[in-house]
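Order of writing sets the labels: A, B, C and D. Residues in every chain begin at 1.
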Amino acid sequence: MDVLKIADKEFNSRLFTGTGKFSSSQLMKDALLCSESELITVALKRVDVQDENDDILRHLDHPRINLLPNTSGVRDAKEAVFAAQLSREALQTNWVKLEIHPDPKYLLPDPIETLKAAEELVKLGFVVMPYIHADPVLCKRLEEVGVQCVMPLGAPIGSNKGLKTLEFLEIIIDQSNVPVIVDAGIGSPSHAAHAMEIGADAVLVNTAIAVSSHPVAMAEAFKLAVKAGRMAYNARLAPVRQKAEASSPLTSFLSEN
Amino acid sequence: MDVLKIADKEFNSRLFTGTGKFSSSQLMKDALLCSESELITVALKRVDVQDENDDILRHLDHPRINLLPNTSGVRDAKEAVFAAQLSREALQTNWVKLEIHPDPKYLLPDPIETLKAAEELVKLGFVVMPYIHADPVLCKRLEEVGVQCVMPLGAPIGSNKGLKTLEFLEIIIDQSNVPVIVDAGIGSPSHAAHAMEIGADAVLVNTAIAVSSHPVAMAEAFKLAVKAGRMAYNARLAPVRQKAEASSPLTSFLSEN
Amino acid sequence: MDVLKIADKEFNSRLFTGTGKFSSSQLMKDALLCSESELITVALKRVDVQDENDDILRHLDHPRINLLPNTSGVRDAKEAVFAAQLSREALQTNWVKLEIHPDPKYLLPDPIETLKAAEELVKLGFVVMPYIHADPVLCKRLEEVGVQCVMPLGAPIGSNKGLKTLEFLEIIIDQSNVPVIVDAGIGSPSHAAHAMEIGADAVLVNTAIAVSSHPVAMAEAFKLAVKAGRMAYNARLAPVRQKAEASSPLTSFLSEN
Amino acid sequence: MDVLKIADKEFNSRLFTGTGKFSSSQLMKDALLCSESELITVALKRVDVQDENDDILRHLDHPRINLLPNTSGVRDAKEAVFAAQLSREALQTNWVKLEIHPDPKYLLPDPIETLKAAEELVKLGFVVMPYIHADPVLCKRLEEVGVQCVMPLGAPIGSNKGLKTLEFLEIIIDQSNVPVIVDAGIGSPSHAAHAMEIGADAVLVNTAIAVSSHPVAMAEAFKLAVKAGRMAYNARLAPVRQKAEASSPLTSFLSEN
């Protein structure tokens, strides 16, 4: 089976999702279950960890679902490490999606603070999944400090623009020894399929599902597209050709008689 | 149900396929069955219509499959009409995929001869599915003479380049009163999903499946991608945004304490 | 010298322009002189041919400028031929830019009527410059009936989207025996340079100059860009490479000591 | 006048160039003079600084030309600082193009080491021009430590692929308080014009000029294209439109009679 392994966990689904922007918790639950996603990121801030009946956590309590707390909202490495520690205690998981984006307008990640925090969190025993710019050198440096995967962006978060970093994602995938998960910017199933076709190990999709007119149907569309892209990657795509090549024979059957 | 209707037929699958370039008839059959395609184009030239046991026809004899003879190889309207008549007699179908591409290098269709042939074939009672350049004005003129759909190209046949005519496909879809089927150039599941997301009614894929290293798996990948794209179209995609928009809340949960 | 020859005329400038959308005739004149354009298209409709002091004609009365009447506004071949004949009489030129675009929304040209009108106008002794979709087969057919150049579009008129038909412009340029002039869609000097770099013989620019905040400066920018693109085409561009290649030597000069 | 100011110098030309890959020093000199470039980067390694008659330096001894030593070949911040100090002594300039790219295959810059070196070099009194990935957050951090400009890449060095980082260059330009110079990847005059049109302050071009069949002509083409792009930026480009908009009046002049 074509499972994805990160740290000690195996995933049958290569579609990772998030919990933001849904219009209701019930709709979130329905969509995320339909997506068959097994790793779902949640902002610690949104969870009331004192409250056992917290709405989000209650809805995501499902045997297939692994929660992935993220550090969204922190501005530097120090805050990130603190947030990760809080989430480990609160959610009983040492997995963390490391997000450090000090800029409120484009929400782009800070490479310096991210590397610093990643190094420290690895030492503290975390499974670190860093959200970063599609910078191939940064990816290698993160790999060297022991992150379990890299999560380069396709385009700014929530922009739905697709793989605007394509040239660099291809280099990252070519060079990486850890799984590459395309995070941010994926706005449609075709974007997700494209990421998988070039060899990404998984994609993370949130906005495009949550703000669709029909989140449950859109979740299913992404599920199918991710599978399609992965299957095509495994079956190898036909090469792009400069000239046309006929599917059907060209010689006129009329003139041959 | 979201069926596609062309003339008097209804299709549950929006993936149309072709029979060219497969390495064996058995592999062709396996891949096309896996694709769940219900309309499969076949070049009349390749079929020995005298022979009841003709290899291709025998393999495609399945209750779900409708054969769509094409006129590949003809060079003008006159030859096309003659070929269509032969195929009607041989295959007992009045459906025809009208292809007139005199140029052997890029195999691009001739707009003038195609319109002329389409007009005559409609008068002769054919269900005409013309393969054409992504020319919105030509599409409207074909519609006026009574074709049952239009089949604009995404890129040259067999090039696998994808939707290189995107701007014009969108205009065609916006204006058309008959189904729009993107034909030629679709080289990967993400291309097929993209065509469906912009509102194409179906896609026709042949080369990308047939010349893949694993045609059966690739056929399934296209099947899923076409469904994904159609579902996303129906569920409405989230808009593309110039600025980022956070999935998770931005305000620092640390600073708020 | 790298002159462009069309019919019996030689052009030192490969930037053709138009007269529409300028906020004043004086501004039009200043911009067009600054562009150094030698072929300027004018809609017959806008000219009062009875009036020797017609504003547009008076402003364009310059030894370097050749007027190119266009048939904008006609809806079929018959109207186009009649319009061309009127313009020949009125402006004393047998050159005509053939434009037949019945659709008022996207203004895309009609391939069928354009070929029909072109054939008749050639017989009537006109130098025919047809505005068409970037359809390589149509271009060859127009060439066969005797047009003196082809004018495929880059994108819908006035859209400023650039070379959205790139794949097909390259095929047209590869196959054509008459000059290829990219018309419509060119919205910035970089688009114009790009068209010239791939081997277009000239470009026609109107909207992007006329509606700029500073049409005279923009005209000069286009003049430079067209020259730049042509020079690059003649000097041959360096090939695109998949891997990086250092401009400077890579080996560390430090480690070598 | 539209001059570009960096630190204490003013530049009339916004085309910066390099000295690598030319087939001869004479050809390099001819091309660079023709380009009118006023800032030319040179790898310290290539210069024999002991030798007053060093070939490259002798050819670049011209009142208009400012030499910009680069640190190409170094692998980390420490080596970069040492190289910059050597070059300051050798070439009598405190300007330095900071390049740290440990990876020999794609030559992409290291964000961490670059920031570290930039901070130290600024303290040592250098005018620091860092070559970096098109990472908007990194650009702001470099600005904060006092670099005099940022030099984000368009595509891998020597790839000639153009502005593959367009989305991020636009963000960088939007946010930057220091000049933004697009470096690496620019393979044709249209790419250079495009960079200027979106508001880059300058571009650096080397490979595309040096490896052209006619470097002198190509240098002139880039000179014109950079001017064209800058003029268009200043004159403001017309907006891209979804629908067509006629340059000439659409109403039929025939039907109005």
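Here is the rule we use: contacts are C-beta pairs under 8 Å (C-beta built on N, C-alpha and C of every residue); 3 or more make two chains touch, one makes a residue touch a chain.
What you are looking at is a predicted structure, and each value in this text was computed from that prediction instead of being measured.
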Contact distance in steps, from chain A to chain C: 2
Shared interface numbering between chain D and chain C [over half = same, under half = different]: same
Chain centre separation (chain A, chain D; CA means) in Å: 34
Between chain B and chain D, centroid-to-centroid distance (C-alpha), Å: 46
Contacts with 2+ other chains: residues of chain C: 106, 108, 156, 161
Graph class of chain-chain contacts, one of line, ring, star, complete, other: ring
Interchain contacts, given as pairs of chains that touch: A-B, A-D, B-C, C-D
Residue numbers on chain C that touch chain B, as the complex places them: 101-103, 106, 108-112, 115, 133, 135-138, 140-141, 155-156, 161, 164-168, 171
Residue ranges of chain A in contact with chain B within the complex: 18-21, 41, 43-46, 70, 72-75, 79, 82-83, 99, 104-108, 156-161, 187-191, 193-194, 197, 206-208, 210-215, 217-218, 220-225, 227-229, 231-232, 234-254
